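These notes concern the structure reproduced below.
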Amino acid sequence: MSRLDEPRKDGLGRGTRRRARWAPYVFVGPAGLLFLAFSLLPIVIAVALSFQDTATLGDGEWVGTANYRTMLGDPLLRTALLNTLVFTIGTVPTAMAIGLALAVALNRPLPGRGLLRALFFVPMIAAGVVVGVIMSWIFNPDYGVANNALAALGLGGLPWLTSPSTAMITLIGVVVWTRIGFCMVIYLGALQSIPAELREAAAIDGASGWQRFRRLTVPMLAPTTSILLILNVVFSLQAFDVIYVMTGGGPGFSTTVLIQYVFRSAFADARMGYAAALGLLLVVILLVFTLLRQRATKRAEELL
Amino acid sequence: MPTHSAPAVSGRGVSRRTFIAVAGISVAGALAACSGAPTGTRHLRLSSWNIPLDLESYQLIADEFVAAHPGTSVAVEVTTGQFHQWFITRLAADLAPDIIRITPQQIGRYAANGSLVDLTGAVPPEYEDDYSEPFWAIGARENGLFGVFQHTDNFITYYHRGVLEEIGAEAPSSLAEAWHWDEFLGIAGEAKKLTGAYGFGYGWGGPETAYRWLPIVYQNGGAFLGDDGETPSMDSPEAVEALDFGRRWYAEGLVSPANMSKSGGGAVARDLFLTGQIGLLLDNPESIAALDEGMPDEWGTAPMIRNTGEASDLGGNALAVTKSSKHPELAAELVAYITSRAKVVEFCKRGNWLPARSSLDASDIGYDRHSETMQRFIDQGSTIPLSMVRAESGQYFSSLNSVFADYLDLCFLGELSPAECGTQMTEAMRSVTTR
Amino acid sequence: MTTTTAQPAQPLRERRSRRRRWLLTAVLTAVAMLVVFPLYWMVVSALTPGGQSQSSEFYLWPAAPTTENFSEVFAQQPVWRWLGNSFFVASVGTALSVCVSLGAGYALAKFRFRGRGLLYAAFLVTIMIPIQVTLVPAFLVTARLGLVDSPWAVILPTLFDVVGIFIARQFLLGVPDALIEAARLDGAGELRTFFRVVLPTCWPLVGVLVILGFMNRWNDFLWPLVVLQGNESLTVPVGLSTLTNSPAFTSPWGAVMAVATVAVVPLLVVFLVFQRTFVQGIASTGIK
């Protein structure tokens, strides 16, 4: 993940031998215990649930892989997976590209850049529920400010959330909006740790702004991009509140994504076992993505 | 594949055993740590929706109850959004409130799966005589009484006085004269011309309230579930005709596409009415306060629309005792007290709700305002059909309601024809009821 | 460095670059306005009297702004309590969680011990599990520990913060081993080394962890929703959810907007004050 990740040759090995055996366990202990109690144990129970037919927890029967087999023939799951794919592809690269552009722009000595940085980060501050509430208000086609503004400009209103063909686009826009600040800040951090001499050297070599960006900045940012990509995919696959509040998965099935379907199975349908299986499917998708991504990065590094 | 239909009466024991098997945690004595009540005092918790006037009413009534029952105490708490998520989680750990205020659409699953306590012994038998059959059926099941309907809430027609005058239409004043579908759409079409936007609105309140449209199906002699209360029947000609009627609302531009069950943003139809973008509104009494504030004296009411049959929305709430209660008898007694005739009067007066008891009318309650309108709502309550109540308070209803919401959307948007919608919805419903 | 021929071009290029800089600033300002607009609109809606906010007229500032929505909802709901609870849960939770993350990050970055790789991988996998699936089991565990219905039920189970541990580890990897070695050669024990030598280099990291942790805890919704009970004990987002999103009733929209505003403004203030520290902190943590 980082060049700091590689084992150090400057004395760690020697030091480790002399250091107290118990020390690492004391330092990692609190996190480990909390992890055991509040993460691992619930996950183990959830895995067990996915092999049961149960409404809540406990009163279920063991049904083997029935929940997993049900998935294969579930038409709603297929729709949800497809929507999830569209949503993820729509949100992740967009948010990252805008975040990168803003970071590059705001890394220059511009007047008032501190305030500008803060303003771009502001959307991230609002909780998903709050964002959903505000946005469904703004995008109401009949009295929302978005269409009122279009009307004041003499343009017709748009069916932001009321048509299956536009609702997903609007949602993607809203989620990108909440995400750009985060991507920007992380990229800004990475940009500031690129040594200034490198950039100056490139400038002296006569590289244009775009060339410097392509040849120098982008490769230097690759590890950051890699982490942001994985985090953003995780965020997108788990984006629930905003969608739930704004469209409830509709109109029709047009914005029903996998996490929406997990929620629905668990609580509206009271099929906790099936929901657990669906949730684990989500985890498997994420794991596969992460591993593929890591392999791709490694291969790219080898090629270089 | 095993089904959920077997009532899990023995849920508690099994649940604990499985939990141990899975998690390997010793249970002994763990529950004792959870009860926060001081020893000796029997403590009850009642959870209601966060409506300030209602919380006040519950606390006042509970205080009287406590005064008459030394050694008890009652705390009134609030139920958060995402009801099922909150309630299922709480029930799983036996930490649900003792008494829960719950809608007819939510109660079925919990009554069927052993999460609620049978109130038969605690509720005086004469209560049943003061309830219509449909309203009693919300809590009463074959194997016991799992809730008492406290107050109701249904739909009538609000109209904008100016709009109706200009159209030259007369608002019907009695149930017998209620507007029939075609008549109503005719007036709505005229209203659309006057408002320049839409004709009317329907009072949905978010993705979980799709069921509010079911009365339309019953108005046409259709049914959501067949006579056995289990077989999906949205593909009947009557139901399909109702869907076709709904499709016309949107195809003819009479209702805003933002005014559908799943769309968020609060009470969309009410806002459209308040801003003069629609001339008619099918909605419940909750709109009264907002209309009084936003457009006093400019609105009037008429009965809910009808077709070959009559029906209106089944709103309101029941009170039920959960299996988490350590003092179920005491809790059941409190439920009986709150739903007694005198207390229903008190509760409905303060909160502007409709009484669920048949012997109460608007003058008994003594509403501060709009007594006539409230009486209209009470009268309309009698049109709620028993089979619709059975369907909505059945054990699969929250699942069926999501299916209903999905396909209603598809039909209204024109993605599916009413006939296709009826067939596909029925099929999807069947996969729920035979799960 | 400059040649004579380039000499006259210099002022022109400088002027052009200055103009470009202002142009860029103008464009960024315009975009920033658009980005901030939804939150601005939330405040405007909260300040708009009942009826006007739904009108189809376009306006940017209400004709007659009023704080009526605020005074009404503050009178009817225990909003101050919600704010107090959020503040308590977020600050205590963040403080403890930062300690947990620092410890774990230090162990994972600077020690070799049995199971380290596996433990770290297991930590990382947990961020992929959707909360909807583990909600009920996690609640059961919390309930068996007797924590439910107290603020500790919100605080304890969320102390384990994978992103925080990840950031801490990244940062601590960059702390020179020589520093630690030197302390040890001086005869300092493990704890002393950590507190006296390692911790003082960590302040930028702590700043980042505090801001991110506080923000996440302030906005956390699903977990507090199930473990808290009683209107007086709720946090702001959960309190807000009791006003929206119920099939049984609808709250006045003005009240909803007022609570939403109250939920966002404290964080906004905190962030505007600390944004510089935050960005510099992120830069020094080496998330890359």
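Chains here go by letter, A, B and C, matching the order in which they are written, and residues are numbered from 1 within each.
Note that a contact is a pair of C-beta atoms (placed from the backbone, for glycine too) under 8 Å apart; a residue touches a chain by one contact, two chains touch by 3 or more.
Note that this is a predicted model, so its numbers are computed, not measured.
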Most heavily contacting chain pair (counted by C-beta pairs in contact): A-C
Taking each chain's C-alpha mean as its centre, the one farthest from subunit C: B
Distance from subunit B to subunit A - Cα centre to Cα centre, in angstrom: 37
CA centroid of subunit A to CA centroid of subunit C, Å: 15
Residue list for subunit C, restricted to those that touch at least two other chains: 54-56, 135-137, 140-141, 145, 241, 244-245, 253, 256
Per-residue overlap in subunit B, given as positions that touch at least 2 other chains: 19, 23, 82, 85, 88, 92, 197, 206, 266, 271-272, 275, 277
Multi-chain contact sites of subunit A, meaning residues that touch two or more partners: 41, 45, 56-57, 133, 137, 142-143, 245, 263, 266-267, 272
Parts of subunit B lying in touch with subunit C, wherever the complex brings them together: 19, 23, 25, 27, 30, 33-34, 36, 45, 47, 49-52, 55, 75, 77-83, 85-86, 88-90, 92-95, 97, 101, 103, 105-106, 197, 205-206, 208-209, 266-267, 270-272, 274-275, 277, 286, 290, 293-295, 315, 317
Complex contact set, residues of subunit A against subunit C: 1-2, 4-5, 8, 10-12, 15-16, 18-20, 23-32, 34-35, 37-43, 45-46, 49, 56-57, 102, 105-106, 108-112, 114, 116-131, 133-135, 137-138, 142-143, 145, 148-149, 151-152, 177, 180, 185-186, 188-190, 192-193, 221, 223-224, 227, 231, 234, 237-238, 240-241, 245, 259, 262-263, 266-267, 272, 275-276, 278-280, 282-283, 286-287, 290
Complex interface listing, subunit C residues touching subunit A: 21-22, 24-25, 28-29, 32, 35-36, 38-39, 41-42, 45, 54-58, 99-101, 103-104, 106-108, 110-113, 116, 119, 122-123, 125-138, 140-142, 145, 156-160, 163, 165, 170, 173-174, 177-178, 180-181, 184, 189-191, 194, 215, 218-219, 221, 237, 240-241, 244-245, 253, 256-257, 260, 263-264, 267-268, 271-272, 275-276, 278-288
Residue numbers on subunit A that touch subunit B, as the complex places them: 41, 44-45, 48, 53, 55-61, 63, 66, 70, 132-133, 136-137, 140-144, 159, 161-164, 244-253, 263-264, 266-272
Residue numbers on subunit C that touch subunit B, as the complex places them: 50-51, 54-56, 76-77, 135-137, 139-141, 143-146, 148-149, 222, 225-226, 229-231, 234, 238, 241-253, 256
